[in-house]
Each structure stands twice: as structure tokens, then as C-alpha cells.
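Supplied in C-alpha cells, the structure appears directly below.
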Amino acid sequence: MNKTYKNAEEAVADIKDGSVLMLGGFGLCGIPENCIAALVKKGPRQLTCISNNAGVDDFGIGLMLKQKQVKKMISSYVGENAEFERQLLSGELEVDLIPQGTLAERIRAGGAGIPAVFTPAGVGTEVAEGKETRVFKDKEYLLEYAFDADFAIVKAWKGDTDGNLIYKETARNFNPLMAMAGKVTIAEVEELVAPGELDPNQVHTPGIYVHRIFQGVNYEKRIEQRTVRKNV
Amino acid sequence: MNKTYKNAEEAVADIKDGSVLMLGGFGLCGIPENCIAALVKKGPRQLTCISNNAGVDDFGIGLMLKQKQVKKMISSYVGENAEFERQLLSGELEVDLIPQGTLAERIRAGGAGIPAVFTPAGVGTEVAEGKETRVFKDKEYLLEYAFDADFAIVKAWKGDTDGNLIYKETARNFNPLMAMAGKVTIAEVEELVAPGELDPNQVHTPGIYVHRIFQGVNYEKRIEQRTVRKNV
Amino acid sequence: MSLTKEQIAQRIAKELKDGYYVNLGIGIPTLVANYIPKGMNVVLQSENGLLGMGPFPYEGEEDADLINAGKQTITTVPGSAFFDSAMSFGMIRAGKVDLTVLGAMEVSEQGDIANWKIPGKMVKGMGGAMDLVASAKNIIVAMMHTNPKGESKLLPACTLPLTGTKCIKKIVTEIAVLDVTGNGFKLLERAPGVSVEEIVSKTAGKLTVEGEIPEMQF
Amino acid sequence: MSLTKEQIAQRIAKELKDGYYVNLGIGIPTLVANYIPKGMNVVLQSENGLLGMGPFPYEGEEDADLINAGKQTITTVPGSAFFDSAMSFGMIRAGKVDLTVLGAMEVSEQGDIANWKIPGKMVKGMGGAMDLVASAKNIIVAMMHTNPKGESKLLPACTLPLTGTKCIKKIVTEIAVLDVTGNGFKLLERAPGVSVEEIVSKTAGKLTVEGEIPEMQF
């Protein structure tokens, strides 16, 4: 069982045109920077990307959009990206907007072998159009289907060579859910250690979910909104 | 916001006859020993208990069974308990047996505001009798409803006075799920600390789910099957 | 005199109670955090995966791994906890969050809200707004009473695509505090120096005004 | 000569592959852990919330907080991880576990399994068995070929209440290794010294015997 890959290029080498990808992160926080760079370099096209956001013009998934590698985005919010807007308006890009909690739950369902769940978000709105509804205890819900992906690409803080992962702070976000839902799950980590070096009580993603792991390099960790208070 | 209670007696004081309880633990591992003792002392009856197991004759929920406080058990396995068997055969006790994974998922659904999910366990068996079924991608599933409870009673390793909880090893089991699903959640912990003493990255149950917390005493932590290998 | 955005936030902060878990949306709602009464324990939830959000970091102490739902750098307070997005929306969906404050483009007299999409304009997405309004038991809208064209944002029915239906309970604007009842809007308070007539004239939906309407107290 | 329980476990261990995540049921299946080939990396899942189960603890090192699904005290191996019951069955349901080994009272030629309930006897519950058989892609049953009365446990149809349907792929008993095919049982191997005739006579369900049936190798 060797899950360890040398780098991102090696880990994404078999991602082909038309693949369905999940990419972890919220905004630019906790995104798989190395894998995105490798995908931009390798250049698969016609990708479907399930990711809460679409990056910014020159970082994150925005880099793949710029190269027109993305056919469809499945996200909850895509507002930080001018190139995205251009491609969407020109019809080059499809987008499926999904309430953030429903998106999270559908990915979690996929990773938990649950084919469908009922959620309340979007009842009575255009999100509900064409969807089956049902009332439980006087409240209306939508039937929502599980998501899975050919490849789930996640970023963690620490990982071991058995694939166990620990995320840092709010860089956790969608990463553990997507790790569960990939047919192939690729994890890039800031620090890769030997089995036994992570406390088993603190592992967020057990290694069973992770097929490939490598230690990333040169993390930029760009901050989208730098807000500070003055030093006293 | 004072969630801290002095002891188990105080924490369970308002549990009444006919309440629906969830009780954490797997076998005798990670069970809320202090709260069970307090419930035995206080004596509410006609309880519905949702718990993976029913304890043994003289420990865990078995103590409540002995006093005939339980009207109905909702469990996946109840095989370790002779008094349970006697009451069941005599008709004093109802039991609802649920596949363990479905039980876990129904409790998790209750705690996540999901009214119902589809699961495959029990399709084609008597568990499926009377249940709605549906086929997704050529596989049949059962519609299963969420569980909630008047009181969820859980046991953690460490907790802080804001209600954040960390479980130890396999004593985690159903505890974090039930903590999410209680209308009132009561947590007993081996060590109660001040907010800030637990690493926020390692919290298993965020404090928002916990309404009452106290530091338990005199944990017996009985071992059901002591299996060892010989010292070399 | 109309309230400033800070004063709207300050008025909303009076709705806080000790022990509340609160989700604050982007914009005016975020400012509510600055007016939590001293000694009151209020825990802020950020739906990207944090309970116990603290103030912005000091310069030089920004942590790229620690942001709020508005993607701003933040800090934590003692007793905080991180979790994934499924658990975050699980706690929202299960009604564990005591109060949600968010902005709106329109609110109807039924309590419907529109705040995510303007036809003809670039659609950015609903983010977590639809989840929040579908599940929160206690939602306050913080917004201007009228839009930049001077048209009322409190309407008989929303004209924009909905975010959620029959979910808004209370509205605080620069001129008024209103409840949304089974019978339309009900005026509770007016901004200091603002007349009931002005509020009535700027409210397009059904508005009930009963008895003397007090001025807001700060 | 019939296999011992240890030998059944040993034979099943030959189905293991490097990198497999395996769930072992109570009884004979548990013994499989003792025969994992040296140098092969197999990770044991215990459905109460552990990946990376190790051997029993040394005397005096038992930890009440560390048990397996059979409620036995155990240890962990380097690279282990703990998780809650929802995640545990989530990984089972999502097919992340490569091999499941469990006992059975009856298996039908369709691959149905009965192993949780005997009418008239105290019902103990199905525990995690129904979840496992409903989701695992690769299930091996370890059981005796006949029950204590000498009746075949490999049947045209199960007589006991089912645990799951059309899910068993392979059976290892004290006398034979069999596949469950779309066309009933298929004999693959026989225990050393056991005749095909004996296996045929002890198998009530449809059994295919093609060509020479080799003896099991250990």
C-alpha cells in the first residue's frame, strides 16, 4: 500500500478531459494550491468542478477558468471572479448554484453512501424548481441527491503516509467532506509524517478515504480580505 | 450563560416519566455512568431509551431496566442482558431493533436538521416491512426518519464550561451524534476545564450542542470482554 | 433623523441575550458584533466552520487559515471550536443558532426575503443565505428602508427572486423597527426624530401602527 | 479432514491483498487477523469507530476506552484513527471497506444471508451486520458447512429471517471454498482429504462442480 506521491504533477497525472472534480476550500482558504497549479500545467479540459467558490481571477480555480479548462462549476458563491462572469455571460461556462449547506450535505451524503436526503434550503425559491418536495412535521423539504466525483482534491495541514489528515482552523471547511466523496481522493498536505506521528484521536479524515498523498510546496495561502485592527 | 452543573443529580433533575432519552456509548464503553446512576436514584419511569446497547444486568442501562424504568429500548443489539430478555418476553418492555449504521445515521440526521434519509441496510429483510423503498442507480434503499430526543445524555473525556467536548478513543462512538440530536443535551466529562484550555482544532462536539455539563466522579469504566495476550 | 449603519447595528444588538449563538451576515450585520453588551456572553458562528469568532487580528497577526464567511481575516475567542461545512450547516439546520442577522434587498409583508439575485445582473450565488433563512427560528433583517431609487424595500410581495419564504420575524432599518406578523408589518419603534408618517410613506407593504410609537432607545 | 476454525481463518487470509481495509466479524472472522501475511499492509476496521486495530493488549495494559465491535479490549497500530459511529458506517456504506468477513447461520444459493435471528429464541439484534451486508462489495462468509443437527447451511433459500439479500460472494467452511455465482454455489476448493462427494452431500443448495477440484493450500 503506497499512497505517497512525489508531487502534484504525479498525483493528478491521470485526470483527463471531462473528469468530475471536487476541490476543497472556502474562498481561497484551504484550497489545494499545488494540485490546481499542476492541473493548469497539465491542461485537462471540459472539467466539471464542484467547489464552494471559483477562486479569484489569478488564483485558485480562477487559474483553470482563465485557461478555459472548466465546462461547469457547481458552487454556492462565485462572486469574486471577473473572468468567470465573462465566460458565463458568453455561454462558454455552465454554472449550477446550490445553497452552501445543501452543497455540503450532498457531498457528505455521497461520502456516506446515502443516495439522497431531504433539506429545507431553497423551498419556495427557484432552487426548488423541478425538485421533489415533501412535508415532514408541517415543514416542507426538497429531495436532494448525493454528489460524488472522479477525483476529490483536498488540502490538509498535516497528513501521514497512511492518508490520515488533520486540517487547520477554518481551512477545514469542505475538505473533509470531499475527501469522503471522491472515487479517487488526492490530498496535499503542508507536512507529511510517518504513521503513528498523528494522534489517532485528533485525525479529521481517516486514511481509508485517501488514495494519494503528497507534501505540497511553496504555499502562498493568499488572503482575500485582509482585515485588521490597529495595534494598541 | 452558565452551562455548568454541580453533579449528575442536578443535571437530570427535570427528566420526567415518559421522556425520550438518548444515551451514548457502545457496550459499556463511553457510557454516561454518573447520569445513569442519578436516573436510577431519581427514578423516572416509562422512559424511551435510544442507545446502541442496553447495558448488562448490573451496569449501564441494565440498572435502569432492573428498576423497570424503561418502557421502550431503541437499539441495534441488546444481547448482553438477562433481565432485558425477561422483561421483553413478559411484555413489560418494547424493543425496536435498528441496524447500527442506520441508527447512527438517523441520530445524525436529527442533529443536522435532516428529516429523513435513504439507507440500504435491511432492504429485503423484516426491517424493511412497512417502510417506503426507492431505487437509486439500480440499488434499493429504505426511507428512514430522523431521531431526536428530549434529553441526549453523553459522556466525554474532556470538556470546557462552554460545552466543547473531546472524546477518547472508541469511547467516542454514538456520543457526538447524540450530543447533536438532543433538545437538551447533558454531557458528563472526566475532566472539566475553562474555555480556552481545549485546542479548538481538536474539539469533537462544539459547545453549541451542549446545554449542561458537569465533571463526573468515580468512573468505573467496566470492561465487558477483557481480552489480553501474554506478556512476552 | 435616520440612523447610521452603526446605529442600526447598535439597535439590533439590543435583541441579544446572554448565551445566544448568533450568525451575522455580511455588511451591517457584521457591525452588530461591536455592540455586544459588556459582560454578556454571545458566541458568534461563522458558517465556514467556526464557533467563537473574535475581532479582526492585529496587524501582522493575520492567519490565512482563519477567516470568516466574508473571507475576512479574524481571530478566535477562548472556547472556540472549528468544524467542517456539513456540521456547520447541520447546526444551522437543526435550529441550534439562536439568532441570525442578515441584509436584504426586499422583504414582503409575509416575511419572504429576497437578497441573492437581481435578474439581468451577474448572479453571484446564494452562498449560505438560503440555508440560514430556511432553518433559523429567529431572523432579523438589517437593511435600508428604501432602495437607492427611493422605492420601499418593505413590499406586499417581493419582486426579486426569493431567498426564502415566511421566515423573517423582525426588521431594523435606518428609520424603524418592525415586526413581521401574520397580518403584515407592525411598527414597533421609530428612529429618533423620524415621524410615523415618514415610515408609513416609505412602507409599501401592509403596515399596522397601533397607539403611540416610541423612539428607539440606545 | 475438516479444517479447524484457525484453518478456516488461515484460508480466508489468503484472500487479503496489500492495502486492504478489512472488517472482521465476531467469531472465526476475528481469527483472520492472526494470519495476515508478514509484510502485507492490511488495516482492520472496527465499526464502533476505529481504523487500525491491533492485537489484544498485554495483561495490565487494558484500556476500557479502547474496545472492538465485539466489546473486547484491543490496541491500535501506528496510523490508526478514531471516529464516530456515523462516519464508521458511512465508510462501510460508501464501499470504502475492501473486504468484510462474517459468520452466518445460513447462506442461500442467491447469496442471501441469515445470521441475526432465530424465531422463538431471544432476539439480540442485528448490530452492524445488516449495514455491512447491504453495502460491502466483497463479503466472505466464514462458517461451518452444516449446523449442529448436521443440516446443510448452504440452502436453496434461507429459512431464517434474512440479514441481507444477494450479497455473499464467497464462503469458506471447514470442508470447502465456494463462490456464490448467478447460478448457485460453485465449488472452488476442498479441505485436504475431504471428498467432493462429501461436500455435495452436505450442500443443499444448487452446487456446480466443474473439473478437478483442488485441495486448499496453506
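Note that the chains are named A, B, C and D in the order they appear, and that numbering of residues resets to 1 at the start of each chain.
Operating definition for what follows: contacts are C-beta pairs under 8 Å (C-beta built on N, C-alpha and C of every residue); 3 or more make two chains touch, one makes a residue touch a chain.
As the structure is a computational prediction, the values presented were derived from the model and not from experiment.
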{"item": "Shared interface partners, meaning chains that touch chain B and chain D", "value": "A"}
{"item": "Most widely separated chain from chain B, with each centre as the mean of CA atoms", "value": "C"}
{"item": "Inter-centroid spacing, chain B versus chain A (mean Cα positions, whole Å)", "value": "33"}
{"item": "Chain B and chain C, separation of their C-alpha mean positions in angstrom", "value": "36"}
{"item": "Inter-centroid spacing, chain D versus chain C (mean Cα positions, whole Å)", "value": "56"}
{"item": "Per-residue overlap in chain A, given as positions that touch at least 2 other chains", "value": "105, 112-114, 119-120, 167-169, 200-201"}
{"item": "Sequence positions of chain C contacting 2 or more other chains", "value": "76, 82-83, 86, 89-90, 92-93, 135"}
{"item": "Listing of all chain pairs that touch each other, if any do", "value": "A-B, A-C, A-D, B-C, B-D"}
{"item": "For the chain C and chain A complex, residues of the former touching the latter", "value": "46-50, 55-74, 76, 82-86, 88-90, 92-93, 112, 122-131, 134-135, 161-166"}
{"item": "For the chain A and chain D complex, residues of the former touching the latter", "value": "1, 110-114, 160-162, 164, 180-181, 194-196, 200-201, 203, 206-209"}
{"item": "Residues of chain A touching chain C in the complex", "value": "26-30, 52, 75-80, 85, 88-89, 95, 97, 99-105, 107-108, 119-127, 157, 167-177, 204, 221-231"}
{"item": "Chain B-touching residues of chain C, taken from the complex the two chains share", "value": "18-19, 21, 41, 43, 45, 51-52, 76-83, 86-87, 89-97, 135"}
{"item": "Of all residues in chain A, those that touch chain B in their complex", "value": "105, 109, 112-120, 134, 136-137, 139, 141, 145, 166-169, 200-202"}
